[in-house]
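Here the structure is laid out as structure tokens; the discussion comes afterwards.
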Amino acid sequence: MGMIFVGLLIGIAILFVLTMVPNRLRKPLIVLVTFLSGCFYAVEFFYPTHAVVANKQDLIKKYGVPTQTAPDFAAEAQKAGKALDPEAVKKLQELSPEDAQLALKAALEVTTPEKPFGPDAAEKLVTQENFLTPKFKDVSDWALVLQAFAIGLGIYSLMSVHLRNIAMKRSGWGNSATLITAIFLMAFAHIGKEYSSKGGWLETLDNLLYNGLMKNLDATMFSIIAFYIVSAAYRAFRVRSVEATILLVAAALVMLGNVPIGQALTNWLPNGKTDVLGNLRLENIGQWILKKASNPATMAIDFGLAVGALATSLRLWLSLERGSYFEEEL
Amino acid sequence: MNILNNLDRRMLYLLLAIVIAIPLLAPAVTKPLPKPAITGFTQSYYDTIEKVAADPGAKNKIVIVSCNFAAGTLAENLSQCEATVRHLMMRKLKFAVFGFSDPQGRELGQQVVDKLAKEYDYQYGRDYVNWGYRPAGAAVALLKTAVNDLPGAMGKDIKGMAISQVACMQGIKGVNDVSLICEFAASATLPVWIQFYQRAGKSPIPTLYGPTSVMATEAVNYVESGQLQGMLIGLKGASEYELLLQKEGFASSASASLSLSHLLIVVLIVLGNIGMFVERKQRAAAEGGR
Amino acid sequence: MTDGMLKTIVVLLGVLTTLGIYSVLYKENKIFRFFEHLYLGLAGGYAIAANWNDVLKTNWWEPMVNDGKWWLVLLLPAGSLFYFIYSKKNGWMARLIFGLFIGLAAGQQFQGCAGDYWPKIQTAATKTLWVDPAKINQEYPVAAYATVLNNWLFMAILTAVMVYFFFSFEQKSTGAINKVSKFGRYAMMIAFGAMFGNTIMARMALLIGRIYFLIHAPEAMSSSGP
Amino acid sequence: MNHATWPALILLLTMSIVIVVTVVSAQQGKQYFIRRIPGLSAIDEAVGRAVEMGRGILLSTGLSDGIDIITLQALAICANVASSAARYGTRVQMPVYNSAMLPIAEDTISNAYNQAGRGDAYSPDDVRYLSNQQFAYAAGVAGMIQREKFAATFLFGTFFAESLIMAENANMVGAIQVAGTPSTTQVPFFIAACDYVIIGDEYYAATAYLTRQPTLMGSIVAQDRVKIGILAMVVIGALCTTFVNPNLFKKLLADQSYPIGELLQNPKEEGK
């Protein structure tokens, strides 16, 4: 606990130091932070990797800390009375001595007379990583934690709007009061039930709010799309232009191919695996449009999006972006 | 005539609600609608239950009906569950309702059973049991215990009675007394059964799967590798299954709702286009006459 | 409260919320407004709870307090940088944490790009464009030709759609490029139409579920009695 | 792919270098051209309509799971809209989905007001957090649209199923709608319900098109060059697979690295 307090003081001190950074250094500092944080994922992805044993921490827990000497695969296997495939052993020998020991123990455990240890099994024991990979989970956890701290901003924003509604008795202030009460009740019940006894009143409250209200609200809002899809289809699918017509025809074919009532229109066509005419059945036409004709179009769109995202990332990462926001005096 | 070009959207919403509700309220209306073709997935699903029922040893075993869904995917999963429970009841198999993904699952499962129990003279305790809901986080540990000590792992049923005391659970010790697993899922809960229970006993337990249509694509691999003996693909699969059972229930009426709603949209599109053409003609005539 | 009563209330609440939300289909009204605000409130409370239960407690508080990772406390002042946006004098400091996250997002893009699109490029770049006589299935020879035909179509659509998205040169209305890009636009419309048509089924299934729930709510309430 | 294979490394680095070099050359004064993009011209038109009608504008940056590139780009487009709206004294409102995104959005939009010379008109209520639950957000936005009767709505960013809820409600109140999203599955619904839809990487071209800033113009031209490269690679790959060696491109573009020597070998027969 003491160290936590010291850490907090250090953090506050750093914040204080930051407030004294002179104006001309502020922008370079932001550029540096952006670049370095981007470097983590970029370097982790591009840096050459080496083979290590998968789930090392679990294996250490199971078999104890290994020594530094490389194990003798053949001898160990003989001792255990089990056969290891030479190809597979070759794969495991690429590992560092420590990792190889753990891998060998794991290999001998999974090997049974019916299930010999082959290259596929060896592949499962080995994974590729570089010096940053072990930090990967930490960094994404920290990013999650940092973002979680921002929830206060959101809730503050939501509450301030609605508290003002209540204070000024604007029309609909009752709804604002409902909203704020709901925030508190839900947060209280959902956190509280983690800490209270099973079957307590907090759990009942959480059950009412979550299962009784929230889940139903979710399901209802999701299902309301069915209504909107009908009105959108009715309005949009008109033979107005070539494009609109194509849209309509493709949608109609897929729709009809999806339900028995539509499929019935072409049920008279043969349906054998080798019947050429069977391809003209509505369900097959629908699937063809969906899988073959749409696929290249969406793929081409995706390629463009990938390049666009890459270019935007590079501009932001390397602080190449210009414009008022990025050129503002700080 | 211009009315066709500009129908009030509330009218459309009402029509949709009616078209969907009618088959659910009055299933008889849907009789003349075309029936779906039966796929291999559904056929093998049906055959598996028949095979289990034909096995004389199955009388002393239990079927697990695993309801891992909530109201959100009710149309797809509940219809699969209902058809399956009906088949089990037709063949007089003992079963247990269970769920670990959502507390609503076991309630929805119970609803299905309540609906069908009278018809097939099924009684709680004697012919089936509801183990209730266990949190997902504990599912793996629970199933691992249930390999050797099923009543002990499950503890009490939804009525608060120790499971070892329930009549239909007499003689059910562990994994070797389970004749079939039927999993109805709205999320990736199947691997828990596959990894920790299906092959934990003397011989692999036949496993059947009812996923939502979106999830079915991924599950095809399991069928091909023989880890699943059959699968119902969403609502469509459930309605095919009811055809095989020759007993049309929720799935058939829901599937009819689906068909009718698609038909409604097609009709509306056609009407809208007719309205548009008529209006164009009228306008052209008006301009021509000027 | 007994379990049966609780279940009855849960079902009843479900019916009320469902009807309340659907009322917006007729027109925006007081009932919808009430449920909308209730929903936003519950979601806000849930966000707070989920943030604590799933993120802060497991990834921060417990490792910090129980596992001796005291330095995790440094994340708190770092996270507080978000709030400097409201400071007149030190508002710039918020941009430090924005920069951190912008950098992280940008750095991930390399892997994102490769992970998402690499397999797609592979699929596209390994299409066979000619019938290999050895691979013709004698029972159904059409299949091999159909595959190659589909592949040609694939290449044509892919090229056309990509050409449609070239921005750096003029597409004159009479030129060949314009014709290609127009074909690309039509191909996209086929894809969009198909996606629209295919989604209808999934959405209708959701509505069927809701209406079934409403129809059977009375049974659900009564059957759950003790 | 967890780590770059060597072909991926080469390809991504080449792409990156092309982009950075072009962008820097544009910053140093080289002139680039981009053609007219109809969907993007509509953005100014929609702002104009809103000004005429005297009602507000809704901006949404969609659903973002944290801070990501797509949402940052959406924010950049929205800043342009906000800035021209501010110039004409029209109010914009932006409900935000993610609380970590909120301060960035506030900073950007208030800056856009400043840029238009109307910093005084910015109110903190205009950019506000709504919800980070998909359908709660949709319900909130639908309610806002119905009550405020916006003259124009701009939906940019990542969208899922809720896209249609928002677009149909805006359609009901007669708003002119411009939508753009990289979520290709939602484009059909925007096409059905909106007046103008920005498809595919027009989304990333939008800021360049609206601001004509050299940096962004250079970036668009660079993206074109890279796309031509990808297209060429796909065509060459397919020709090579068909007529020269069926394995070369399969292995070059595989998820794992193959040593150069093994590229042309046949893969081991399966089942052995």
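Residue numbering begins at 1 within each chain, and the chains themselves are lettered A, B, C and D in the order written.
Keep this in mind: contacts are C-beta pairs under 8 Å (C-beta built on N, C-alpha and C of every residue); 3 or more make two chains touch, one makes a residue touch a chain.
Keep in mind it's a predicted model, so treat the numbers as computed, not measured.
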What is the chain whose Cα centroid lies farthest from the Cα centroid of subunit B?
D
For this structure, which two chains have more C-beta pairs in contact than any other pair?
A-C
Which integer distance in Å separates the CA centroid of subunit C from that of subunit D?
15
Which integer distance in Å separates the CA centroid of subunit A from that of subunit B?
28
Centre-of-Cα separation between subunit D and subunit A, whole angstrom
19
Mean-CA-position distance for subunit C and subunit A (Å):
11
Residues of subunit A that touch at least two other chains are 45-46, 143, 146-147, 150-155, 158, 207, 211, 216-219, 221-222, 224-227, 229, 231, 233, 235, 237, 247-248, 252, 255, 258-259, 298, 300-304, 309-310, 313-314, 316
Where in subunit D do residues touch at least two different other chains?
2, 4, 12, 66-67, 69, 72, 99-100, 103, 107, 130, 132-133, 135-136, 139, 161, 188-189, 191-192, 199-201, 205, 223, 227, 230-231
Check each residue of subunit C and list the ones that touch at least two other chains.
14, 21, 24-25, 33, 35-36, 39-40, 42-44, 46-47, 82-83, 85, 95, 101-102, 104-106, 109-111, 113-114, 121, 124, 155, 158-159, 162, 165, 188, 192-193, 195-196, 199-201, 203-204, 206-207, 209-210
By the document's touch definition, which label belongs to this structure's chain graph: line, ring, star, complete, or other?
other
Chain-chain contacts as defined at top
A-B, A-C, A-D, B-C, C-D
Touching subunit D in the complex, subunit A uses residues 44-47, 49, 128-130, 133, 143, 146-147, 150-155, 157-158, 161, 217-218, 221-222, 224-225, 228-229, 231-233, 235-237, 247, 298, 300-305, 307-316, 318, 320-325, 328
Provide the residue numbers of subunit C that touch subunit B in the complex, in ascending order.
7, 14, 25-26, 200-202, 204-213, 215-216, 219-220, 223-224
In their shared complex, subunit A is touched by residues of subunit B numbered 7, 9, 12-13, 16-17, 33-37, 70-72, 103-104, 239, 255, 258-266, 268-269, 272-273, 276
Would you mind writing out the residues of subunit D in touch with subunit C in their complex?
1-2, 4, 8, 12, 32-35, 37, 66-69, 72, 99-100, 103-104, 106-107, 130-133, 135-137, 139-140, 142-143, 146-147, 161, 185, 187-189, 191-192, 199-202, 205, 220-221, 223-224, 227-228, 230-231, 233-239, 241-243, 246, 249-250, 253-255
Residue ranges of subunit A touching subunit B (in the complex, touch as defined)
207, 211, 215-216, 218-219, 222, 226-227, 229-231, 233-235, 237-240, 248, 252, 255-256, 258-264, 267, 271
